[in-house]
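Input: a single structure, listed below in structure tokens.
Chain lettering (A, B and C) follows the sequence in which the chains are written, and residue indices restart at 1 in each chain.
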């Protein structure tokens, strides 16, 4: 029987590209590309490495998002995943991490048997790192987060991982089925394969809330335990001075004079 | 708290459209006004509430959702007092301080309780008292010696169900951020990640907002009696700050970024109430096995403690640029930091990263070299006392926060700063004479 | 009319842009200065299918189209024109004639290794005395028993030093002029075949440009590509397609130069003003951007016509002529806008200007393109 991996991925705005309009204090999203969340790409890469190494490995990528998140699945399939599932439904909009994990859990149930759940540690738009553990809880499987190294034994059951800590790491043994969340140190994600981009047999499914048979009282904005109360932009600090100088040496000297004047050196 | 458009008040002017960061406004036909259309909110809405004050006609409102549980059954503020190897983490002490402040904002008789989980850690209770904990809930078992998700989740969930705290806060460490979501999911309650500010009273939230943010506080009532927590955190990669509430479930839970909250002054010999909680935990509950814990031999960066940080970004052009940054840092007695872009490019280890997903720093001087100032970087360093930006692009956002900006080639300017560093005093004296 | 890229084409651009940014750009200045062929990059291009974009998957191609191929060369050339031409010469000049003119056995034998990038390909037409006048072939092939025996030499062969499969033109019947030319597939280890001098060039310094030497080079009879006497047709049809590749290379160079120059203009201040705020210079940028976009449209149109099997020869000639002149115009201007810095190797526009020049010369000089275009307008 195939070894089945489910990778949870998210399409996110490239937060490196976002700027704030200084006049209105609002986000400038024009021209900000949507990308595969970085940590999720690491999770997918590790799944693909398992597929490279062993026969009969099947990778399903699940994402939740608006219809255009289908692009993310095309990208994942072009990298080598076998199947993509987009859960898209207005009923799940506004879900916080708890409600999102309910949606993903329902989708995973619908997919059926799996050996490994893999996700990125966190998404760069929310940076919560909560959905992975919360999905693991809903699926009642053990978890290891912050995975920086992964090895699976030939029995396809015993896994040894390194879990990053602030001041080192833990070596942990865990068995399938389980949930792992990846960090960037785990690997370097591959690019899409040209062949994958033109693959006409893309296996992408779009499911709505009804398809995944999720309890509608546990998803979406109204079911979410947390809500946004207010949001705002941080107040920018007052503008400083541009150091003047005709040569690089003058610039350096004038900077040091300025710093000395502030009594910081 | 969804957003609702009151059709009768909307005149279809579209003034609210540009305010929305998610581009969630569109028009729908409506024959009740002159323009024949009203604003409508589509599925892109992230419920950020940015638009609430945008409508001059009062057509945008929050739609409240009623609570399901009796919130008054829950009492006290819990701090997960994280320990490793029998030593309290610094963030635990910070959170005891913050928990104390929050408890007293809720009510005089609300207590801050430190929850200690481990084995052979009796000695830590006293330290918790001395930093402000009024009660310690001590949970010890040989199976709890080291952190495992399964064991810690189980004992904390059991204790929460028994004692019903109204608020539980954790350090946003690699352990806290593993444990808290699992606990929250099992308790079916809300959790807010990586908070940098917590408020109970609306009045203190208003004070904070006025001093530090662009938030229009006119819709907030300083006399609002609600004691629900307002958890403020960077969102959208730090481009926005969001304040999150958890109105209908208990306990409310947050993870809090280390280094942000204030410890209380230590009171030697302080006393508190000890509650020994007997955990119900078996070996079979734990589905992971720790083979070993390795302390990293990585070079200590300790960005948080540095007085001077010299950071490099994408503008270095290639990884070897960090050699110059290192030389610079050595000269000025600083440590090397970096932007996310440089880390993402693989030029330097993540442990050097300053910003939203890296370390939050507050040095006396922050040198940003070849860093454009992506907002998530600014989020991690803009409270530095003095920021010096060196960048070729005079439009780079870093200059917006810099106290001193140098528009120039960092490879030419930095060697000059290194050369002149020791002469600073003489240079300064020369200008004042 | 539909001027939107397809979803696949957009993904191709995204993929190659990322690949080029991470794998190609960091090496560009170094391999240019060291005149070093980027073997490691070629291996990576092979792995990701960049060396077989517009060919069917049954031969291990990517199953893509020619616009995607043009985008691939454009995006590689945007950061490194040497890498761009490695891909272009391999794909257009070696893989394509085998795909189009080869019999099924030849396609099965050669294409999988070429399209998967296991082997690199090259094309031998130009000779010391037969450049623009391709008909003046001196290399001869004589059938002896069941072997063809080749004698002569080829010059300026892109990928020459690193290719393992060569499509080579040789005269089989001098009396018939261009109809006496035939095409052959030559393998690197064929007896009597060797690689001669490597050229020391002005630009595209990391590409390999060599001489091919045939001294009683014996190859089996079944290496004949197409029919005897079809070689000139093979060569001309190959160059029609090759021009899409070189035009894309020129486009990429121009776009790359403009992109770095825009960044520079926003940063550089003179007379208290940013260059990007100076009206005269803004007009320069407008002119460059417009020419680049026009070149792009011509190229994509020619590529689209090729996919649709329309007569695209004059279109690809226009695309190549215009894109090459645009590349030269834009890079010269970009060096100017950089001032003294632009003349140094500290800034990539110096390399880009040197690289641009070749696009006006190889795979048909601009003058040859004009001959082709004029013939399509005025008749021969």
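Simple rule for what comes next: contacts are C-beta pairs under 8 Å (C-beta built on N, C-alpha and C of every residue); 3 or more make two chains touch, one makes a residue touch a chain.
As the structure is a prediction and not an experimental result, all values here were calculated from the model.
Participant: Relative to subunit B, which chain's C-alpha centre is the most remote?
Facilitator: Relative to subunit B, the chain whose C-alpha centre sits farthest away is C.
Participant: Give the identifier of the chain nearest to the protein's overall CA centre, each chain being represented by its own CA mean.
Facilitator: Smallest centre-to-centre distance to the global C-alpha mean: chain A.
Participant: Could you tell me the distance, in whole angstrom, between the mean C-alpha positions of subunit B and subunit C?
Facilitator: 52
Participant: Would you kindly tell me how far, in whole Å, the mean C-alpha position of subunit C lies from that of subunit A?
Facilitator: 39
Participant: So the centre of each chain is just the mean of its C-alpha atoms; given that, what is the distance between subunit A and subunit B in Å?
Facilitator: Averaging C-alpha atoms per chain gives centres 19 Å apart.
Participant: Would you please write down the residue numbers of subunit B that are in contact with two or more other chains?
Facilitator: 394, 407
Participant: Which residue numbers or ranges of subunit A touch two or more of the other chains?
Facilitator: Residues of subunit A touching two or more partner chains: there are none.
Participant: With touch defined as at the start, can you tell me which subunit A residues reach subunit B in the complex?
Facilitator: Residues in contact with subunit B: 13, 15-16, 18-20, 22, 24-27, 29, 38, 66, 90, 93-94, 96-98, 101, 122, 124-134, 136-138, 142-146, 160, 163-175, 178, 184-185, 188, 221-222, 224-237, 239-243, 248-249, 251-253, 255-262, 264-265.
Participant: Could you please specify the touching residues of subunit C with respect to subunit B in the complex?
Facilitator: So the residues of subunit C touching subunit B come out as 26, 263, 266-267, 269, 274.
Participant: Could you list, by residue number, the parts of subunit B that touch subunit C in their complex?
Facilitator: Per the touch definition, subunit B meets subunit C at residues 318, 392-395, 407.
Participant: Over in the complex, which subunit C residues touch subunit A? Could you list them?
Facilitator: 7-8, 11-12, 14-15, 18-19, 48-50, 52-53, 57, 61-64, 68, 72
Participant: Quick one: in the complex, what on subunit A touches subunit C?
Facilitator: For subunit A paired with subunit C, touching residues are 71, 74-75, 78, 190-195, 197-200.
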